[in-house]
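Below are structures written as structure tokens.
Paired with chain B in one complex and with chain C in the other, chain A is shared by the two complexes that follow.
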Partner chain A sequence: MDAYTIGVLTNIGLFSFVALSAYLLLVAGELSFGQQAFFGVGAYAGGIFTAMYGWPLPLAALAAMTLGALAQFLVGLPTLRLRGLYFAMSTLAAAEMARILFELLHFQREVKGELTGPDGTQGFRGIRWIFEHGIEPIDYLGMVVGLLAVVLAGFFLVERSRLGATLRGVGQDPELAASLGIDIQRVKLGVAAAAGALAALGGVLYAHHNTYIEPRNFDIMLGVHSLAYALIGGLGTAFGPLLGVVLDIGALEGSRVFHDYRMIVFGGLVALLLVFRPRGLLDERMVRWLRARLP
Partner chain B sequence: MLELKALSRHFGGVRAVDGIDLAVAGGQIFGLIGPNGSGKSTTVNVITGLLPPTSGTILFRGEDIGALPTHLRLRAGIARTFQNIRLFGQLSVWQNLWVAQNSAEDRARQGFFARWLGGQGGVREEIARLLEFSGLAHKQDELAANLAFGEQRRLELARALAARPKLLLLDEPAAGMNSEEIAQLRDRILKLRDTGITIVLVEHVMELVMGVTDRIAVLNFGQKIAEGTPAEIQAHPAVRKAYLGGEAA
Partner chain C sequence: MVKSALTLIFLLLPALAHAQTPQADLRCIATGTDFVYDCTIRLSRAGKPLEGVQITVGADMPSMPMAHNTRPEQARSGTLPGEYKVRLDLEMLGEWAVKLRLGGPVRDQLILHYEFDSKGASPKRR
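After this line comes the complex of A and B, so read on.
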């Protein structure tokens, strides 16, 4: 594989995490335009832990995921009381606040004679853990894909469980779910925390892949894309958001033919799907149909 | 079992429920009837917590539950069906019952992993029993949205039972049913009463109400205008007036 292909595939893996976090919230009935904030929390936290304090990447990733979960849980406490569009707007507002906080964040210390750390709008350079540890791009791709496989396995376990059925129920009719004895606030806060952790994991991996992050990496476009990946790919299975990422990054950004027209094609695709398949290509019915026919 | 004291629910100037007093004894089938818009469904929504009361008290087994959120009222033992059928349409019949089966009792009985994957024993057996009871066993893998109307009503009833309620509120369970289906429903309701569940039956279909209830309260314009045995209610002048118009009295 050439470096370009490896790069594209790694990006597909990275953005799958944040797409899955948007998917998880959508399944539970919440539209979030703010997953980029928790992706950003993960990226900054992971970078600070490895580049400034010399933590190993796995430990930094776990800590960053915890922070991501905590951040989205805390944002969820007030905002999950809102419904529908109002919740969606609050997530956008929270994410913009987070991005501005990244711009204001100046927190550097000297590491090996070099000033390292987030420097406001100048960004955060030198997140070089994987290069310092001699991890080749192809191996890093393997790590990303491996983690993604673990996360997907988790999704399928939940999907088969009563919790999974409950999540879909809460997403479909929260009032009915409450009448059946389900504490919907608790379910949604749990979902928010899990989504925050997932987005943060994607962020950690992104920061270490790029070695440099800056606040505008985590602007509204990333949030809109995450949401669109889940909506295009479909809400019937966790493969849905992955399909969305592959279509966008793989087919549009990755291919030289479509590259320049990516946003036009992508926007058109979103508009068409919202009209013809509002729950995406792999929606619940399609998944059921496929399951009945595949071994 | 259930006691309402001076219960009111107003929507702006509309007094949907206006100072109702009711007492439902344990083991009874209690009918709640009245013309359209008389406040029956609002009363059910207030009892289950979907609407907060404007004033008044709701006692369930002697405890004031007026401030409990909806899900805790179910866990206390109050289950319901809906006038306009509400199911998780994208889940299978089996899953609809599975989701509903989350009472505290069930949690204590089942181990964590058994619950997680749908369990051996207890959980599956109980769902199978509910499917049998409601005549839906052959449809268990069907999406709830694909069921026929009568089947959806039966699934709603089975789902309410999955929570093992002490008090069951049936909001117009016979609406849209033919007389054969109504006869089946009557048998089911009587069977449930025999298992010790107290039932509040909100209904328009008099052939069902008069046949199964022990006691009936009549609402009109949000107020209780009569209460008594089915025979007393049929003879009650105010009830005849509310249902049949002025001259009938």
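After this line comes the complex of A and C, so read on.
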């Protein structure tokens, strides 16, 4: 496999984590434009733990996921009381606040004679864990795909469980779910924390893949795309967001068919889907149809 | 005496480690075709040219690095020691994070921020 294909596949994998985090909130009935903030929290935290304190990547990833979960839980406490568009706007505001905080974050220490750590708008260089440990790009791709497979397996287990039915119930008819004794706020806070952890995991992997991060990596574009991937791919299954990422990054970016017009095609695709298939290509009806026909 | 020597070693260790980090300088000239640049990379370590390194050059847009990037190109050796040449085909003008992935005798990745305009590229410092 050549370097370019490995790069495109790794990017598909990395985007999938943040797209799945947006999907999780969508299933619970919430539209978030702010998942890039928790992706950023994961990237910065993971980078700080490995590059500045020499933690192993798995431990740094677990710590970053915990911070991501905590961050989205704390953001969710006041914002999940809002409904619909107001919640979406509050997530966007929170994400912009996070990005500005990353711009103000100057926290460096000398590691091996070099100043390492976040340096505001200059970014955070030298996140070299994969180079220091001799991990080749193909091995890193394997790591990303492996973790994505574990996350997907978790999604499928949840979707087939009582918890999955509760989540869809909360997302599709919160009043009915509340009348059945479900604590809506508690469920949504749990979903928010899980989504934060998932986005943070993507962030840690991104920071170590790129070796450099900066606040602009976590701006509104990433949030809009992650939401769009879930909406294009479909809300019927966790494969939906993956399909959305594969369509954009894999088909459009990978093939470069439309080259300069890619964003116009992407925007058009989102608009068409919202008109003709508002719950995406793999919506609940399509998933039921496929399940009835597949062994 | 031993104490002084040990102190000196500990003081020098960080400097030695710093000396091991490769440094790169990039010069790009527009080819005349839209957004295509001929670039020269000068790679060094501790002030000495680094030769025989396999450099794969890519570029990302900082605001959307995973989606807007260029196809990585393998740089070829230039005429001077530590000099490498590569052609960059970007999507648009503006700031790009040029990513140099080093292989062979040195394994590292360097990210250089440059502002690309109709004539060439200049380092971007925010």
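The rule we apply is simple: the second predicted complex is superposed on the first by the 295 of 295 C-alpha atoms of A that agree within 3 Å, B and C clash if a C-alpha of one lies under 4 Å from a C-alpha of the other, contacts with A are read in each partner's own complex, and residues count from 1 in each chain.
Please note the rule applied: a contact is a pair of C-beta atoms (placed from the backbone, for glycine too) under 8 Å apart; a residue touches a chain by one contact, two chains touch by 3 or more.
Just so you know, these numbers come straight off a predicted model, no measurement behind them.
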| item | value |
| --- | --- |
| Clash or fit (per the criteria above) of chain B with chain C on chain A | fit |
| Which superposed partner A:114 touches (first chain B, second chain C, both, neither) | second |
| First, second, both or neither for A:179, with chain B first and chain C second | first |
| Touched partner set for A:166, first chain B, second chain C, both or neither | first |
| First (chain B), second (chain C), both or neither touched by A:284 | first |
| Greater residue coverage of chain A in the superposed arrangement, chain B or chain C | C |
| Vertex chain A; arms to chain B and chain C (CA centroids, nearest 10 degrees) | 170 |
| Least Cα gap, in Å, left between chain B and chain C after the two complexes are fitted on chain A | 34 |
| Touching residues (chain side chain A, partner chain B) in the complex | 157, 160-163, 165-166, 168-169, 172-173, 175-184, 284, 288 |
| Partner chain C, residues of chain A touching it in the complex | 3-4, 7, 11, 14-15, 110, 112-114, 121-122, 125, 128, 131, 134, 206, 210-212, 214, 216-217, 219, 221-222, 225, 248-249, 253, 256, 259-260 |
| Touching residues (chain side chain C, partner chain A) in the complex | 13-19, 21, 56, 58, 60, 62-67, 69, 71-72, 91, 97, 99, 101, 107-109, 111, 126 |
| Of chain B, residues touching chain A in the complex | 48-50, 69-71, 74-75, 80, 82, 86-91, 95, 98-100, 102-103, 115-118, 143, 159, 163 |
